[in-house]
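Each structure below is given as structure tokens.
Note that chain A is present in both complexes that follow, paired respectively with chain B and with chain C.
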Partner chain A sequence: MAFGLGVHFKMLSRSPFDLWVVVASPLIFATLAHFLFAYGHGSRMLVAALASGVMGIWSSTTASGAGALQTQRRLGVLELLVASPTPFWEVLLPISVAISAIGIYSLAVGLLYVRLIFGVAITIHEWVAFVVAVPTMIAAIGALGFLFASALVRFRSAFMLGNLFEWPVWMICGLLIPVSVLPGWLQPVSWLFAPTWGMDALRGATLGSGHPWADIGMCTLLAGAYLIAGALFLRFFLFAARAKATLALTS
Partner chain B sequence: MAAIDVRELRRTYRTTTGVLRRRRLEVEAVRGISFSVEDGELFGLLGPNGAGKTTTIKMLITLLLPTSGQARVLGLDVVSHAKELRQRIGYVFGGDRGLYERLSAYDNLRYFAELYGVSGKTQRIRIDEVLELVGLRGREQERVEGYSRGMRQRLHIARGILHDPQVVFLDEPTIGVDPVGARELRQTISDLVKSGKTVLLTTHYMFEADALCDRIAVIAKGQIVGEGTPAELKSRVGHGRVTEIEVFGIDDATLTRVRAIDGVAAVTVEERDQVQVLIVQSAVARELTQQLMAELAGLQVGRVASREPTLEDAYVALVTTP
Partner chain C sequence: MRSLRLLTIGGYISYRALFGWLNPYMYSFTTLLPSLTQLAFFVYLGRAAHVGSDSYYVAGNALLAAATPSLFGMGQAIAGERYSQTLALLVVSPASRVAVFLGRALPATANGIFVSVWTFAIASAVFGISIPGRSLAPLALTIAVTSFACVGLGLFNAALGLRWRETGVLGNLLLYVLLIFAGVNVPLDRLPVWLSTLAQGLPVTHGAKAARQLVNGASFNHVAPLIAAEALVGACYTLIGITALRLFEFEARRGATLEVA
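Right, the complex of A and B next:
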């Protein structure tokens, strides 16, 4: 799986479109945050930069991730992957994680941007928690992408759902606005999404507030749940795709 | 035990059409075919577009579930033993697709070596071997997007045999490849068989099937309409003659009259630039030219030739017989 992750990360890193998604979005959101916070500075801008990075990771997972399986179809590789003896979840998971992993560029660009352009000091209170939180969150978001991708194996038009999820998740996971200002009934929904806990973990580790390790734990738990659900769905959808002959269809 | 054993295999595609009033459509792509391929044999599956060749191959490589019937490859059922079977077979299809363009040929092969469980120790040796076999040694670090059609096709074959499968399925592997490249590919396929592999090949090119295949099954409209060695298939029309007549503007009514001539076995029309070529096969060695010319009276007629039948004529006779 590690080799698969490396191969797909390499391939995505050579795609101008995928790179543009992850590099451009944090620049735009960090700039917006700067002006929204009335030329804000310090910790608020730092958290805004992190949030813009997480938004980039999520955008990559939805925009590129949803398209990734279509790309395998378009390249004519999907059937070859399915025809290999490796269980398909072991093939698909590295693709999904690679897609969220190129979001690491978003995080790096967001932090560099606020440091160089707005002069915000990058001060992290709990470095260890921060360093653990980043890959955990990327893996958890990748696992969520894997759950979505399982449906794409059977339903080729399901990739359109990817874009549908982009903005709502930004809203309900506390990336654009705090979760606390959401209607009460919506807050439990946000707990089902890994970006909520990932952002909390990054915020907590950066500011020295909250419980970053507990948030990392929740991210890990959710990742496990996404994986189990995704693997079960995938088994079902793959069988259906072989019965309905949708593996080779590209449009 | 046969390497491939197919019994009464069927595959029906079910689709829906219409927006407000949905209508169910059923297309029978494969209609109860049976054949077997012996160990070490190169078996050809010939047929026109939409005949069911690719559907058959996809069922045999476990990508499609049969609607009914049974297929075993190396003694393993393609439905109930799909996972074990995948390790022991290879699949190669023709065309530009099926490769990661932004990666090098080496990375493509490495990735598929991992998927097929080729161990780390033997990966490099095996990749070198297949690159040598397909003639891509020295070009493996280049990105695939810069490869020609022929190079891509050779890389496809390298990928398909990387894990040293016992049975290789080749679905139109030379399609779109230039004549020199196609000749090299045919040599590669021939070498595969010499190395002891069983090969099932689909192709549109009759000379290719004639040159490579030990046995051939001709498939049309989802059914096998003829099976045998190339020589046996040719002998089906071998006692007849083929008459080719260049004409301009032949119509359906004239064709119907030509088909009605006593002794005519098959009639086809090929478009060649601005001229049509009427190809008439007679069932017995009978001279039909005079009768044909009588039916074509009033049309502008060009060159007329008579020759021995080829495998292509046998194929045409089989797939056009109602």
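Right, the complex of A and C next:
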């Protein structure tokens, strides 16, 4: 799995489209935050940059994660991978996590951008929590991508369906938009998504507020739940696809 | 007559082929619903920033909704041909390029109008925006003109597809430029002067302004100059797009680089 993660991370790092997805988000949304909120160069702009980075990670997950299996299908290796002795989840999980992991570029670009363009000081209150929060959040979002890919294995247009989740999650997870301006019923929905807790952890670690370690714990819990649900979906859908010989979706 | 058939029937068939891989319900998932979720994001972002009212964001983003199918649909006019390995055949065919690509622009424009009207209607109902009855006809004209302008920019995106394979990235880049700098989500007076001046040459800028004024009860005569400015911007981009298509095609043929891009 570690080898698969490394290979897919390198491959994605050479894809103009995937790189664009993770690099564009922090540039666009940090700029938007700068003009809309007039944060200046204080810690709020730093948090906005982090939020833009998390948006990039989520963007990558929805744009490529949901369609990860479609990519294998297009390359003509999906049936071979499913038929191989290696459990298929061991093949899919590194791909999903690698897709989220290239989001690290997003966080880096966001921080670099606000530092160089807006002169924002990169001051992190709790470095240890921050350093733990980043990989935990990326792994949790990757696990969510695994769940999406598993659930959408029989959809030729999984890539497009995944995109459907991009804006809603950006909206409800308290990234650029404070949860307080959203309808109350949306808040419990946001708790189901790892970006909510990941962002809370990054914000808490950066500002020294909240409970970043508890948020990291929630990310870990959610990641476990996503993995179990994804494995179950994968088992069910792959069995159905094999039973009906519809894995290739050519008919 | 041949060019007319190419313009209408060719454009229609090409557009159907573009969505050939989608079921009708996929059209809703990929086009209609994201336009609403994107709009909702900016309405709430606007509320958080205390920059503009809900109607400000609804009107602007409903107009911008026409841009997504226009930019990506037109980008596929080249990328789709390359993907199905028919780009070279298209280039060597004797068909009029203007008719071929304007034919592909017509259904894209119609789709942009439909998506924009849909977004405007649903978002107005959800966020409680009332539109005066006398504004409906001018608003429809504004939407149509804005959609035309977005397709003009889409033509330029299609032309760039002859030089660069990643039309999706290009489309995204252009869309993001419109999101921030066309006065849809960030009021122009919040941008640096040079950026707000550049915004006058972007599609949607004048259309969104006209739509907001119409929603607030302005008359057609009052917004007519804005609609005319949007049409002028659209005409300029269409001209630039077609010229770029001819230029890049000529260069690709001369250098045998059609499939290299």
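One rule holds in what follows: the second predicted complex is superposed on the first by the 247 of 251 C-alpha atoms of A that agree within 3 Å, B and C clash if a C-alpha of one lies under 4 Å from a C-alpha of the other, contacts with A are read in each partner's own complex, and residues count from 1 in each chain.
Convention: a residue touches a chain if its C-beta (ideal position, glycine included) is under 8 Å from a C-beta of that chain, and two chains touch if they have at least 3 such contacts.
These figures come from a predicted structure and were not determined experimentally.
When the two structures are aligned on the shared chain, A:Ala121 is found in touch with neither chain B nor chain C. With both structures placed on the common chain, the touch criterion links A:Pro168 to chain C but leaves chain B unconnected. Within the superposed three-chain model, A:Leu192 lies out of touch with both chain B and chain C [touch as defined at top]. In the superposition on chain A, contact is made by A:Leu32 with chain C only, not with chain B. In the superposition on chain A, A:Trp20 contacts chain C only, with no contact to chain B.
Considering their complex, residues 21-23, 26, 29-30, 33-34, 37-38, 40-41, 44-49, 51, 166, 168-169, 172-173, 176, 179-180, 185-186, 190-191 of chain C touch chain A. Those residues of chain B that touch chain A in the shared complex are 13-14, 58, 61-65, 83-84, 86-87, 91, 93, 95, 97-103, 107, 110-112, 114-117, 159. Per the touch definition, chain A reaches chain C in the complex via residues 16-17, 20-21, 24, 28, 31-32, 35-38, 156-157, 160-161, 163-164, 166-168, 170-171, 176-178, 181-182. Interface residues of chain A, counted against chain B in their complex, comprise 3-4, 7, 10-11, 14-15, 74-77, 79-86, 91, 239, 242-245, 247-248.
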